[in-house]
Structures are given as C-alpha cells and as structure tokens.
Amino acid sequence: MNKKKIAIVGASGYSGEVLVQLLLNHPHAELVAVTSRQNTGLTLAQVFPKFAGHPKSKAIRFSEPNAEVVTKQVDIAFLALPHGVAAEYAVPFLNAGCVVIDLSADFRLKSPEVYKEFYAHDHSAPDLLKKSVYGLPEIHREQIKKAMLIASPGCYPTSVLLPTIPLLKDGLIKPASIIADSLSGVSGAGRKAELDYLFCECNESMRPYGVPKHRHLSEIEEQLSLAAKKQVVAQFTPHLIPVNRGILTTLYLEPAKKLTQEEVAACYLKAYGNEPFVRLLEGKSLPDTKNVVGTNAIEIGWRLDPRTGRLIVMSALDNLVKGASGQAVQSMNIICGFPETAGLI
Amino acid sequence: MNKKKIAIVGASGYSGEVLVQLLLNHPHAELVAVTSRQNTGLTLAQVFPKFAGHPKSKAIRFSEPNAEVVTKQVDIAFLALPHGVAAEYAVPFLNAGCVVIDLSADFRLKSPEVYKEFYAHDHSAPDLLKKSVYGLPEIHREQIKKAMLIASPGCYPTSVLLPTIPLLKDGLIKPASIIADSLSGVSGAGRKAELDYLFCECNESMRPYGVPKHRHLSEIEEQLSLAAKKQVVAQFTPHLIPVNRGILTTLYLEPAKKLTQEEVAACYLKAYGNEPFVRLLEGKSLPDTKNVVGTNAIEIGWRLDPRTGRLIVMSALDNLVKGASGQAVQSMNIICGFPETAGLI
Amino acid sequence: MNKKKIAIVGASGYSGEVLVQLLLNHPHAELVAVTSRQNTGLTLAQVFPKFAGHPKSKAIRFSEPNAEVVTKQVDIAFLALPHGVAAEYAVPFLNAGCVVIDLSADFRLKSPEVYKEFYAHDHSAPDLLKKSVYGLPEIHREQIKKAMLIASPGCYPTSVLLPTIPLLKDGLIKPASIIADSLSGVSGAGRKAELDYLFCECNESMRPYGVPKHRHLSEIEEQLSLAAKKQVVAQFTPHLIPVNRGILTTLYLEPAKKLTQEEVAACYLKAYGNEPFVRLLEGKSLPDTKNVVGTNAIEIGWRLDPRTGRLIVMSALDNLVKGASGQAVQSMNIICGFPETAGLI
Amino acid sequence: MNKKKIAIVGASGYSGEVLVQLLLNHPHAELVAVTSRQNTGLTLAQVFPKFAGHPKSKAIRFSEPNAEVVTKQVDIAFLALPHGVAAEYAVPFLNAGCVVIDLSADFRLKSPEVYKEFYAHDHSAPDLLKKSVYGLPEIHREQIKKAMLIASPGCYPTSVLLPTIPLLKDGLIKPASIIADSLSGVSGAGRKAELDYLFCECNESMRPYGVPKHRHLSEIEEQLSLAAKKQVVAQFTPHLIPVNRGILTTLYLEPAKKLTQEEVAACYLKAYGNEPFVRLLEGKSLPDTKNVVGTNAIEIGWRLDPRTGRLIVMSALDNLVKGASGQAVQSMNIICGFPETAGLI
C-alpha cells in the first residue's frame, strides 16, 4: 500500500500537536508538510520537543500556510485552524483534488443560517456545507467513505452524540428531555495567551461557562435532530476543570417508555458492539477520563434510576484524541480504506 | 461576653482541621479540648503544623475521646466523627447539658427508616432524631436558636438546598423536575488511606460515583419535601474532581409557570438579600469555586434558557467551610447569640 | 489608636490581591484607595469576588494610579507595580510625607550599577537607593522602624536569606559554598497572559529557568555579603512547579568548621527563637509548603550529613505572603508601632 | 523472528502497568503471563481499563505469582515486585533458564553489606549480586547483552547517573563535589494506600524527604565510583511534587579544571551523540518533564556559571518509563538482539 501524503495546516495548537504525533507514527500515512505562521522555519523537534525522538522530527520544517504550494505535495490536508479561518483554506485543497479533514467548526452545520446564529458572522463558503460530511465514524461511516470534505466533530458534541444517538434512533428516550452536563480539561480552550486559562486561574477552580447557549449546541442539535428525525432542542452546560485533557459528560434522559437496564444495554450493543473505539461499561464501572486520555476510546456507562425514572448516561473521552485529532485520523483511515484502527490506540 | 468553652471530638480529619482553625481564632469561643484516638498526647501544633503560629497551638493537646471527662470542661461539643459513630458520643454531652453540633450524617434525618434505607444499618439513637435541628441557618434560623442538638448539613446538600428551597417555597419550579449535578474536591472523601483517593488516582481524572442513589439524597429529599410541602424525589449525581476543596453544583429545573430572569432574581433577593454568606451573582458572573474556597460564602448564579424553557441554577461553596465546619460555627453563633458572622469570613 | 490610612497602588496582580485581603482585615489600618489602570471604576468586590463578603468591598472602587490625588488621602502607600515602574511612583508619595512600602525590586539594591547589570536598564531614581531599607524584619528590624521607604524583599530571596544569614553571621558556613535550589508555585510569575504560564503548559510539568543568573541573585548576594561582611557570590537555581502558591528552597552549605546538629540549632534559636513568623522544625519534620501557604510563616529545617560533611537547610514559605504582601504588612506594623503580628497569621 | 514469551510478575503497581502497556504493544515480544496476588482471575482489561482497547486485554488473565508454573511458559520474566520480595522470585526463573529483568532494588548493588546498610535487612540471595548486571544501557550495554539477570536502575539514579558519568569518566568534574537535587512525581511512591500520598496531602504541596540518606544513594554511589574509578560519596535530596509522572534533577558540580561550555558539549556528544534515548539540549532550552513523560527519553541540559565556576546540569525523564519500565524493555531489546528502540518511543 502506497503511503498517503499528508499536510497539517495550522499545527501549533494542542490538537495540531496530537495530529502531528498520530501522523508521524501512522503506518500508512507520510507527514510531508506542516504549516504555522509563527513557527515557519522551525523543525517539528524544535516546536514539539516531545517528538524529538522521532527520526523525522528534525527533517520536517514548518512552512508558511501557503495553500497553493502545499496542495501540490499532498493527498490529504488536515486543517487545525481557528474557527472561521478554515473555510477559506479548504477551497484550494478541494480544487486541487485533495481530501480535506477539517477540525474546526466551519463545516459541521448544514445551514448557513444556524452557523450565523451561533458563530455571529456569515459563513465564507456556504456551498461547501452541502458537500461536507460530519466525521463521526460510528454514525456516518458510509458517507465518510465517499467524502472529500470531512467536518470532524467537536469534543463536547462527540461526548454527547455517541451516547445519545442510538437511544434516539431506537425511540427509547424523549428527544425534548436531553440534558448534557459536561466537564472539560483546559486544553479544550486551545493554546491561547488569555488570563482565564493561566495556571493560577484554573488550578483549584471549577466553573461553568457559556450558559445556556454554547456554540457546540448547534452541531449537537443538528445531529440529534437527524437521529430523532425531528427537531431536537437540547440543554448543554460546559464546565472548566483543572485537568489537561479529558471530557466527562453526564446525560439526564427521560425514557420514552418503561425501560430496563437490559434494553439499554441491548441498544448500545447493537449500535456499538463491534466498534473498536466505543467501550461499553458493564458491572459496577463508571467512566473515568483517566482511562481514556491518550487513546481514541470513548467510555459509556449508564444507570436507570428506579426512583426518578430517568436514564443517566455518562461518557468519557480525550478531547484531543476522540474529541479531535484521533477521530479525524479515524475518518482518514475510512476514506483511504486503511484498517480503521491504523495508527490509533 | 464570657467566652464559650468548646470541645472538638474527632479533630483529625479535614473538617476537624478547619474547625480547629475557626475556633482557635473565634472572638467568643475558647477551644479547650480536642480529642482524637490516634493523636492522643500530641499538641495541635504537632498534628497541624499550619496552626503552629497560633499561641494556643502548643498548649492544647489531643486527649482520648472520653466523653465523660470532656463534658465537664465544655459548653459546646462539635462532633467531627465518622457517620454512625457520632450518635453514641452525642448522648453523654446532651445529658450533661452541653450543646452538640454534629457534622456527621447521624442526626440529619427525621425518619429512622429512611436512615436505615440509605445508611444500611439501624440508627443507634432514634429518639434524638426528633430533637435535632437541621443546621442550615438560612432556612432554619429560628429553630437553630433554640436547639441543643444541631445536625450540620452535608456539603453536597448545602450546595443543592440553598439554591433550590426559595424556588420551591415560592412555587416557581416543579418539584419533580429537580436534577442536581455536583462536582466535589477530593477532601470531600475525608482523610482516609484508600487507593481511590491517592494523588495519582485523582489527578488528571474526572469521574462520577454513587450513581444513582448517593447517601446525601436522603437529606436533600427530606429538606426539599419540607420546602415543597409534598414528597420530593430528586436526581443527584456527584463527581470527583482533582481539586482539594470546593463543590460546584449545576441544577436543571423546570419552571412551574412562565418565568422571567427578574422573577427568579426577586425570589432569591427576598430569601437571601440580607444573608451575609449568600452571594447572589448579577450580570455576567457565574459561580467559581476559587471565589469561595476558604470562606463561608456560597455563590449562586442562574440563567433562564429561552430555548428549552429550563432554569439553570449554579452554586459554589467550600465543602469544608460552608459545606461543613464554617456552617457548624455559624449555627453555634446563632445558638449563643453571637453575631452570626463572628469568626467567619 | 488612630487607624492609618492606606493606598495600594497597582492592586490587580496576585500580590496586590493578597495585600487587599490583609489590609481589608487589618485591625489598625484602613484601606482607603486602590489603584489599577485596567480596573478603574470597578469595586473591590467586582475585581476580587473572593472578598465580596467584606463590608467594604462594595464601597472601595479602583481609581487611576494618580499619585498626586492619592498622596493626599493616605499615610502609607504600598506599591505593587511591575519592576521599573515603582521607582517613579515612589517619589511623589515620599515628597508628600507618606511612607512607601514597595513590593517591586526597584529599591532592593544599594548599587545602581548592580541594578543595571541585573535589570538591564538604568535606575530611574538612584538617589532613593540610599534611603531605602531592605524590609526583612527578622534581619533589619531596627532600620525598618525608622524607614520612610521600604524595599520589601523578593520571594526567592526571603526563602534563601532567612535560613542563611544567621549561619553566615556566626561564621558557621563558608560563604563561597552557598547553593540555593528553589521551587516556586506559578503565582510567582504574576498574573500575565503569557503562553508559558497557561494551565496546560505548567500542569504536569517541572522545569528550571533563569539558569544560572536569575535577577533575584542580585539582592540575595547583597544581603549575604552584608551578613558575611565580605563579598559573597552564590549559586541559585529556580524551578517552576505546578502549585498556585509556595516556595521550597533547599540549601547546600559547607560548614566552616566541624559542626553538630545542636550547634546549628543553637544558632537558629538565638536568631529566631522569639520570632513570631519563623518556625524552626524539630524532630523528624521537614518543611512542606502546604504548612505555610496562606500564612506569614517560614518553616526552616536542617540536617547535617555525616557522609558528605555538608549542612542541608530547607525552607518553605508562601511566595505571596511571607515572600511578598505579608512581609510588607509586617514592615508596616513595625514602622507604625503596631504589634508585629497585627493582621497577620 | 520468533516472538519472545514474557511474564510480568507483580503487575498491579504503576511500573507494572507501564510494563503491560509496553509489552502488549511490543513488536517482538508476546506477553503470556501476568501475576498479581490481589488481581488473580481478572483480565488485563478489568484491572487496567486504559488498555481495554487492546485485543489481548480480555484474553490475558492475572494468575497467582507461582514461579514454578510461570517459568514453563516464558523466556523472560520481568519482576515488578516490592524491594526485598523480588530476590526470592528471581531464583526459580533463573534456574529454569529464563532471563530475569528485575525492577526492584534487590540486585542493583554488588555488596551485600551496602545493601544491608541501606535496606536494613540481610540480602536473601547474595550470590546473585555478582551475576546481576546494572541495566543502564547507555553505560553497560556490552554487559547487558550477555546478562541473565538485569537489575534495572531506580528512577532517581537514572536521572543522576546519565548526566554525571560521562563527566566523571572524562575527569571533567571533582567526584567529591556532586550534589543532586531531585524532584519526583507522586507515582514514584508506588500505588500504596498511605495517608502521605493522598491527593489532598500532595496537591498544592512541595516537600523534601529522606534527607540526607535516601536508599537510592547506594546505587548512585556504586555506579559513580565505578565511573570515577574511586570511591565517590554524593549528596542527594529528593522532593515530592504534585505531578503524576516525571523526575527533574538539578546537579551542582565543580569542574576539575577550567571548563568551557563547548568542552562539556563535546563530552556529552561523545558519550551520547548516537544514543536514541538521550536528548542533549542545545541553545536556550532547558529540560522540562512534560517533554519526556510517556517516552523513554532523558533530556539533559547544562550551563557553566562564570560567576561561581560551577557546572549546572539538569535532566528530565519519566520515572515510570526511562526511570523504570521503558529502560527495562530497553535492556530486554539488547539481550534479545532486537532493535534497541523496538516498542519504545
């Protein structure tokens, strides 16, 4: 199998760093270009000392994010750029016939109107919204296989959607009842020099933010609506927690009918029994982010509460792997026909 | 004003430590006895180097928890003992005419049956349950004034009850809709040598536990039912978070009728406008545990979600102060007729 | 006793925040002005929600740092400004007859040449260097009593000087042998929006910096030289550690003659036996920053190593209290004739 | 190449966990047995949920640590047992012709007398001390190739020895001058249910321990003496720091003659220029544990201080990888003739 040639555009943030790590070590991919305005000229080893042990880390240098130059070198471009910037970079890569896997929010929604409502500016390439595929492999694998433009899901949405969609599809829960309470590590805020994310502002702190209308609600609701085949409005509260990585989501759901623990288990087993990255927790275990950090796995556990009648579902994932770069590589594996777990743990 | 003489029975855990700190520095209280089986003979300064700067820390030595001896020395006894142990210690103090302020769960419930359901053993002094007063000053101040036996509330319950009770009393929310999602620092688990609470097991971890029927639900539901004047069953999910101190609770509530942000504000203002330890957040602020750690304050913030119709209320407190020892001292101040804020910040 | 009127100029950083806390609660001081360019117009409660429970926190508003206005209101000005900025602010306060207690490095050195060598620019008020007193109360108490301008010591220097000076004065150690290895919490870097101090860059990291010539060496060496009555050149290596507050310094010292553990103890007892904020550790105890954080105490412990002949001395303090704001208040207490421990724990 | 069959005896601690991770994914090794008294009967996936994604994690079950049974199944046994216990397990494996790689301190010293001095009990298999090889590949690679019994070095010793030995061998530093100041993450204390290692006792704390004669000094001094060809007595101070993983060591060394930065660089380049796991830092970089955690790399940086004449050398490694399990696998690779980097990053 010929190795696919890969570029990472905007590789200096936390998810860019994890992408570099995964693609440097991927058996069927060859990282040939990394771009970053502020790191131009530096080697991977200089920017990310952690990877200095990799033989290629001293050979690969960051270049200017010049799409025209980069398109000629690669088969696949990963965009790890800020929201709003990715859209313009995607066009030249797509025109040159490259597959584009975008980690930003720019192509995750089908509706430019909803995009504008949540992101407060017009979409710069609305035509592409129709062509993009929402890169949640466990849900959209068949469409991903044929996609040229992948909108890789957000970290919070992944933690909410994977536990919820099978229940909605099987009609086990009331769509209007969905409440998602999420906890995120600080890397979710990106590598940005802002006071709010200083060590002393985050350490020994727990705090909600973005209440009640966080941007990620837009893609959460669009995907839930698809699964429910009706418009879903959801409740979502993110919190900032002093860990580097991880998302823990607790979902409060009302059953659509009387449910048993076994029916829930059967629903999840049917949906995810063969999924390599979904870990359904049995017995007494409950999700813990420390069990998934550094991996592409999502842990899902659940409890029916006989006292309230509610179904409590909990999920844990690494916001930078299954919630970002690992999931993006998983989509690449599917598009390229590689084993879906290639280069991922 | 004569200083009240105080004993702390079982002063070697985290809430015992904070009690020592508060009572050593209290303007109207004189700490005269501290007991601890394992620390007998040691001075306060030896067990808690942090207080070694206090003049009395070298004079006060831990004694055996011999109630008969201690009762003769003091006016007030704080019990900072494990659940199930406090009940037996309370009796000799009460018989000797001392006020007892218990920080355990032993006297928080009125019903021995509910106690047994949640704590899995018979209550050892069921008659005292009728005499005890639930020590939540903002709700039960008048009863606390006359109490001889205070059951100081749990940390989670305080964070749930203070934001919820005014809404229930004013009929603004549906009692059956209450969902409380809580995050706790690790000191909430006590100073216990268990693998689960080792640094490496907690650091870089976020995890739920005790789902769906944590023991604290019993006192939460009893107090909510009192406020609602009907039986309330609530949803409560605790999570363990890598901070030393703090509880952050996010409440999901369904309005009983169409509500405005102003009506919610008016309800809270009426209930807590003059409360020295309740901080109602205005404007854009949301609760953050780092703003309350080390103080007896609880921060309460809220948002009505026009999209879902739900009312989201968030609270932050220090589990060892407002959630335990500070609140216990607040009850003491009330009982003794001291200014309610004496010795507290 | 009339309360002294106090201004804090530049009160928005971490040590400014602790100064506000200490002075709001000081029995003999009245905080009347706080300045901060970015917070002008806001109340203390708005900028520091943690102090919102204090009655004055809603009455005191930040003003522009206009020295002419502020000088008329106060007896004492604390300057909590960046290095290089404090010098210009000191002049109008001194001219108006106010006592100035400066927390920056601007007045800590006697020599403008050494200042320029370490701080890379000319000193803006070199004449004041002669008038300033280095505010280390345990060493310079008599001079502090009469001072109008206090240069409050740096956090690292305090942790190095207090354990070392008595040994030097008594001729117990070789001056050329002093090696100080120091660990600091992240608040030592100030509240600055820089990538290096983001949560994810500090958490799960341990790193040296400023090797081998950190700026604090200048004041360390000047004070060591004074004590040794000869020029001392010292080794000093700071490290950044993921805690909010605290400094732990380990000193490696060569005895000037054969020493016993008792002789070292006697030296320290003579120097610090009556000092309220110096805690000499006996028995098996070694310093731990968690025993001093939030207090003005410094813990000092020591071991003679019979195998190498070296004396190992270890100290722990809170960089924002004994290492900054607490020590500054201690100097104020001395100047004003208050009890030295007033408002401090 | 036939895969080597591997057992891990005592695989339930932190270094056992990392061994499992490395050997599950090793290209030339097949993990066939893991033992643990308390986990007997459980699968790898149950004990270490983090590895549940690996296909073998549900097939491999923990067995009783019955050496006679296990010896028949394997070519190589890794012992991840407490100090003092490993010695007895080694004998049956060696008798059965297995290679033994021991991660405890039991075989690291040549002298049973020194062992007794530092470990306070007689060695249970003193004859084996002569046969064991100290598994520091960069120093003893040739002996490792032929060894049947590897004593894999301690985490602190690795961080001290690799930066120091080349300088000693080349006569660049005075052997009597070596001072090692080390910081360790809490996993270094092992997975033990002790109060000292609870989250709340370690978080927001920095503290020295084991001063001045920590057990690891014995192997540090034996190896330094070998390199210096004379008896070396060293100074070593460990500190406990609130991170999960990592060791940062700062060395204070006196040059044996006038040195330049280039001579030091040349010495290190000669020693380690071709070493895959030693990263010599150039330019302004200094070691940071976050650059090595999760890898088998050690970072080494250095500065000559023109003011004091001392050479400051700093190193960073992951205590569980290069300081324990990764280094043990590196030795296995050498013994078996695999590429030395196989299965390691």
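When the chains are written out, they are named A, B, C and D in that same order, and each has its own residue count from 1.
Just so it is clear, contacts are C-beta pairs under 8 Å (C-beta built on N, C-alpha and C of every residue); 3 or more make two chains touch, one makes a residue touch a chain.
These figures come from a predicted structure and were not determined experimentally.
Trainee: If each hop has to land on a touching chain, what is the smallest number of hops from subunit A to subunit D?
Mentor: So the least number of steps between the two chains is 1.
Trainee: Go through A-C and C-D and name the pair with more C-beta contacts between its chains.
Mentor: The greater number of contacts lies at C-D.
Trainee: Using mean C-alpha positions as chain centres, tell me how far subunit B is from subunit C in Å, no decimals.
Mentor: Chain centroid spacing, subunit B to subunit C, equals 37 Å.
Trainee: With centres defined as the mean C-alpha position, give me the subunit A-subunit C separation in Å.
Mentor: Inter-chain centre distance comes to 46 Å.
Trainee: What is the distance, in whole Å, between the centres of subunit C and subunit D, each centre taken as the mean of its C-alpha atoms?
Mentor: Computed from C-alpha means, the inter-chain centre distance equals 39 Å.
Trainee: I need the residues of subunit B touching at least two other chains; which ones are they?
Mentor: 185, 201, 203-204, 242-244, 288, 290
Trainee: Using the touch definition from the top, list the residues of subunit B that touch subunit D in their complex.
Mentor: Contact set of subunit B toward subunit D: 14, 185-187, 191-195, 197-204, 242-244.
Trainee: Please give the residue numbers of subunit C that touch subunit D in the complex, ascending.
Mentor: It is residues 179, 181, 183, 185, 201, 203-209, 211-213, 233-235, 237, 239, 241-246, 248, 250, 252, 286-290, 293, 303-305, 307-308, 310, 312, 314, 316 of subunit C that touch subunit D.
Trainee: Which stretch or stretches of subunit B touch subunit C in the complex?
Mentor: 25, 49-50, 52-54, 204, 276-277, 279, 285, 288, 290-292, 294-297, 299, 345
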